[in-house]
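A, B and C label the chains in the order they appear, each numbered from 1.
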Amino acid sequence: MSVTIEGLAKTFGHGSVLNGIDLAVNEGEFMALLGPSGSGKTSLLRIIAGLEAASAGRLMIGESDALNLPPGERRIGFVFQNYALFRHMRVFDNVAFGLQVKRGRARPNRREIAARVAKLLDLVQLTGLERRFPAQLSGGQRQRVALARALAVEPNLLLLDEPFGALDAGVRVALREWLRALHDRLGLTSIFVTHDQDEALALADRIAILNAGRIEQIGTPAELYDAPASAFIMAFLGAVNRLDCVVRDGGVWLVGEGSPIPASSVDSIAAPGGLATAMVRPGDIRICSAAETAAARATVRGISVVGGRLRLRLARGDQTIEVEADRDAIDTSRLFAGAPVRLAFRRMRVFPREATAAAPAAAEIADDAEDAPIPLAGRRKRAR
Amino acid sequence: MSWSLPRRRVIPGFGLTLGLSLTYLALIVLIPLAALILKAAETDPASFLATLRDPRVIAAFRVSFGIAFAAALINAVIGLLVAWVLVRYRFPGRRFIDGLVDLPFALPTAVAGIALATLYADTGWIGGIFARFGIDIAFTPLGILVALVFIGLPFVVRTVQPVLADLAHDAEEAALTLGATRWQIFFRVVLPALLPGVITGASLAFARGLGEYGSVIFIAGNMPGLSEIVPLLIVIKLEQFDYPGAAAIGVAMLVASFAILLAINLGQLVVRRRHGL
Amino acid sequence: MAFDASSGAGRAGQLALIAAACLYLAVFLVIPLVAVFAEALSKGFAAYREALAAPDALASVRLTLLVAAIAVPLNTAFGLAAAWAITKFEFAGKSLLTTLIDLPFSVSPVISGMVYVLLFGAQGLFGPFLAAHGLKIVFAVPGLVLATIFVTFPFVVRQLIPLMLLQGSGEEEAALVLGASGWRIFRKVTLPNIRWGLLYGVLLCNARAMGEFGAVSVVSGHIRGVTETMPLHIEALYNGYYVVGAFSVASLLALLALVTLVLKCIFETRYREELVPMTKSARVG
């Protein structure tokens, strides 16, 4: 089932969590909502699920206007970051729950329920663990039970809220691949929220990058990496170097250099003119020989070897430049602390000066804010 | 030479504090308790059993255990309601009411006793209302029930409150996305998670209700066989200088309540272990 | 309200539940409390003052204060010692010790008093010995003190143990390494950290000591003017149909209870990090 979101917004007294979100998810697509904490991605997911209300906008799941439907009627499956399993029920009852609460004729009989649960457990490779309690399972197993439980009601849309956030790194990677395989097999439209760009880049068909309640860009992982629409996105998806520069007459002058950067080195100029910031990835900087025209000069501050890669730390005035390359790509015999080097760039992108400020840290309204009354004794993290 | 002292000798004061504590405990608790057991043992088993088989004694046990149980049940339900309202809702005066819940803890039992007796007598503010329908509260087992409900009230509330406050509500949200109605969520997801706390609180209220004296003695009719509680029976025996009899009843009551509480605690332990709480 | 939309009631249902809870609490808690003062003042303020000035009433107040003045400091000292031993050290039998400390809470107050009668009463274990030496413990003030100590000794230590466990021994060990002696460490390091928990425990201990009825009743012999504490005097007055008198004395204890509750609220609000919330440890009377 496809999902269409138009002009979705969520305000909160004096602040807003989401602002004018437009998003279209295609049928069968695996879409990631990526962004730093406070960007509103979890709120967006929860609004799609019906766990939170929107202040404005439209949400269509398939052909139906979903905003007026309670969560239980939207035919969605939701997988929570901390699994949210029913601790006092066995695995079987957890998975069967959605089927057992159906009322009237919609409710399958016990044999059907048992058969469906068995099939689902087989799907998530947890056959044999029906009688265990969640406390007796590992983190990865619990997450798979949560997934089976969500799938039991045959949803049209699967929503996952940082599903691997609570797991160890190794388990996370394994589960990640397994989830993608499962998605390919089921063809279920899925939207999942993460703050980990590796995860998003590895798993998603398309990624929507959120920042401070707005969508900055939507695209495939390749598109986002190669053609980021903003400095924020470029910095968010990987390491970047920032260099002060000036845009004049359609060319880019690095501050302190006499000649402009060769046009072939620059992929895009998004700044109108005047002061700007040039951004280039560590892997797109080359040390050039004496014969070539250098775009910039710098001094070596440190060299480190990380596996098969070489990492150079260079200084240029008061700015630091990081360069990354294969070990055999650079002749290190003439590199030592203090040695001068000459640099050439490629795939450089220039953005307006203010736009390169770092993405705001958690906004005053936290990502997981709810429009809910605060309980008496207070959740620990607030009251104490 | 390696330096490896057992931990206790690093921080000073072990001998002094442990010695003081043990001496104090021995004097205040152990020796008196030994006296209880010795006195009870003084009687030969035959008269020990005879004391316990006395119909008046049996009736008193029935009254005490039965009404304490009923009061614990009532407090379980109402205590859960009060805890729920205090934790999940916000309304003016909530803080005040939250503090008020501890009143039965803080108020001396004799004060509570005479207040309840006066209130629920046929001429009292509340008793008068019921008297018009022909229902007597004071001086009947119903009066004992009222008194035990009063003093047991805070137990369930205070035990359930922290459990409720810490309940991760993502399980409830999960149930919501799976299509459950509010009632289904409450009975299938929330209540089972709260039940251990409710049972713990109710069993504490039960234990307290069994031994309660001051709050009950004024409002109970103290009629043998009908509204006489075990603690009163013990007092009567002591006043008659029937020390062995009093000791026998005391020991029986301790053993019975200990057994019940042990059973409840063990049951809780098993449940907790399974649910990884 | 997404949070409560998931379970429980809608808005109307919420109000109904709140109203039900408030009604229940009003009937069972507030009205009895109000009744105490209403009955005490039912014959006017002058009668109230007269009742409080009666010599037996004053004697009972003095006796109550005396008993509390002995029992509470003793129990505080014990509480500090026991809490130190339990929280700073590991030793065999520690859980047995902790269970023993909980004992008065699981025992009926009548039994708490009875054990002393069995020990020191006329037919008790030490009865003949005491009679021979002209000593009276039961039916005299020492018995009252003992029974009160028995019933209230857990309060202080039960407040201190979780608090001191939470705080750990790190600071004490640091002081030790810096060369402080045991007493110094206790006075300068531990005591300031636990002062609010300690105060709170002393508060509860005192409230219970003054209000204890069952245990004291068994041991006292009800000798008017001599072994009648306030709760016992209240009983005597009430049974003698001196209703205003009984409730007047009772109102003093009720005021004490209210003060205890108010102080408890203040302590909890202002020093939440240092106190462990009041749980089953507080039983008074």
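The working rule: a residue touches a chain if its C-beta (ideal position, glycine included) is under 8 Å from a C-beta of that chain, and two chains touch if they have at least 3 such contacts.
On a predicted model such as this, the values are computed, not experimentally measured, just so you know.
Farthest from subunit B, judged by the mean position of CA atoms in each chain, is A. Chain B has the C-alpha centroid lying closest to the overall centroid of all protein C-alpha atoms shown. We define each chain's centre as the mean of its Cα atoms; on that basis subunit B and subunit C are separated by 16 Å. The centroid of the Cα atoms in subunit A and the matching centroid in subunit B are 53 Å apart.
Averaged Cα coordinates give subunit A a centre that lies 57 Å from the centre of subunit C. For subunit B, residues touching at least two other chains, in rising order: 86, 88-89, 162, 173, 175-176, 189. Shown for subunit A are the residues that touch two or more other chains, namely 51, 373. Touching two or more other chains at once are residues 3-4 of subunit C.
The part of subunit A that touches subunit B in the complex is made up of residues 49-51, 70-74, 76-78, 80-82, 84-89, 97-98, 101-103, 133-136, 146, 149-150, 152-153, 373-380. Residues of subunit C that touch subunit B in their complex: 3-10, 14, 17-18, 20-22, 24-25, 27-33, 35-36, 39, 77-78, 81-82, 84-85, 88-91, 97, 100-101, 103-104, 106-111, 114-119, 121-125, 146, 149-150, 153, 169, 172-173, 176, 181-182, 185-186, 207, 210-214, 217-218, 230-232, 234-235, 238, 243, 246-247, 250, 253-254, 257-258, 260-262, 264-265, 277-280, 282-285. Only residues 86-90, 94, 98, 161-162, 164-166, 168, 170-171, 173-181, 184, 188-189, 192-193, 274-277 of subunit B touch subunit A when the two sit together in their complex. Against subunit C, the residues of subunit B that register as touching in their complex are 7-8, 10-14, 16-18, 20-22, 24-25, 28-33, 35-36, 38-39, 78, 81-82, 84-86, 88-89, 91, 95, 97, 99-119, 124-126, 149-150, 153, 155, 158-159, 162, 169, 172-173, 175-176, 182, 185-186, 189-190, 204, 207-208, 210-215, 217-218, 230-231, 234-235, 238, 241, 243, 246-247, 250, 253-254, 257-258, 261.
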